[in-house]
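First the structure, in the form of structure tokens, and then the observations on it.
Chain IDs A, B, C and D follow the sequence of writing; residue 1 opens each chain.
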């Protein structure tokens, strides 16, 4: 049985002016960008630079589904903490979960994204063996 | 009983270079932007410029939840059709549904977003009476 | 002598909510995106889809320099007209010029961008012969 | 005579996937966002949170002009250092200068932006007295 993966990545940064909209808060699509940063960081934590997966193996991990719940709005210059961890891993579908909050502890967003692996021809494939440990798969 | 709202908005545009990422396809967060364009257009179709809601009444319609299913990837310069319609309307929560495809008919994304209305103090309020017809509410 | 190129492209669209910032106007970096839309359209006008240059020949046209003058701020849902034309063309450097205004005629931005051509190895090259007519070069 | 301002801000971060384009490098408009991050940080270094200027005084500092020179392309996950400092300060026009490079020392971009101050009615004003020390003005 593979080890359950309980690691949680953490990325810290400030809200950029460009990320706000005329409501005076962060435009809602930017949270998907922040989730992706937590995802990248989780791979690094687990010993793999995501960019190398693309570069070395010509495999891409595409988003198949995203579900986002917005709890509170972030503002310009707020200090943000984006956390990500693995929720489920199957050989054909990986689910990440995210929690984004302010440094001060206000929960901003929770969400999940589901990912497929595609080969160079754009066909869905199983997670290649060398990357299975990354996702706690055998 | 309010009229059921079956109108569907339609916005057409080409994929911008800025919207692609290093996979050579549209970065997944951009679809939320395109959904918002279909939403704006639906309001206009129903006789209300969304910007006037914010400007005149100081009310904002915030995203509470988003669910996106990615079917196929769009590419730079593709001609896109973004469609949006009202899925549910309650006095405190409005749900829109979206379907984004290429001009050529390839389905790219389906999704929903749920919205709350907030007053100037950031408190959730019921849809103001004057905007109820916009959403087919009495 | 090559024909001087006086064609001017024109792209029309509405300001997206995502393009505004907390000042209530379009975030200044977005104008570079709009310039790029006018540039893409100018190539199309001249008979070449820019994406085919990249795809077919593996050549990319990179931005070497950009100069932007901001005259007035655009707002959410404004109807925008982005125009672009060729200002100078040398075999190693192409300069485009832009004028972005509202449909109502308010001038928003004027600017130029200079571009180099790079081959697959990232080395600067002369404009390939087949694309010279695109830029009015012999 | 006011003290010349020689402080230089420094912001460090990694390139986000969202910031790349199909060339496999950072989309050129994103450098303006990075310049703005260095600008925000410079204000903080000098003791003023830029967001408070907007919030407290209803004054905005708009971009009037931008000049960017692209030296080398950044890639996904690269570690970036964005530096900014004051180049000129007049009571009606402030010029910042930027230098953006990789952590490894490759110069990516140099540039300047010029800024005006506008009051609530959108009229250009002199830098308010309380903010003059921020810019080394008397």
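Annotations for the structure displayed:
The rule is short, and it goes like this: contacts are C-beta pairs under 8 Å (C-beta built on N, C-alpha and C of every residue); 3 or more make two chains touch, one makes a residue touch a chain.
None of these values were measured; they are calculated from a predicted model.
Note on C-D: across the candidates A-C, A-D or A-B, the interface recurring with over half of the contact pairs conserved by residue number is A-B. On a Cα centroid basis, the chain most remote from subunit D in this structure is B. Distance between chain centres (mean CA atoms), subunit A to subunit B: 24 Å. Averaged C-alpha coordinates put the centre of subunit B at 33 Å from the centre of subunit D.
Per-chain Cα centroids separate subunit B from subunit C by 29 Å. Among all residues of subunit D, those that touch two or more other chains are 17-18, 22-23, 29, 33, 36, 76.
Residue ranges of subunit C in contact with subunit A, taken from their complex: 17-18, 20-25, 27, 29, 76. Interface of subunit B with subunit A (complex): residues 22-23, 28-30, 32-33, 36, 54, 60, 62-70, 73. Touching subunit B in their complex are the following residues of subunit C: 13-14, 16-18, 33, 36-37, 40, 49-51, 75-77.
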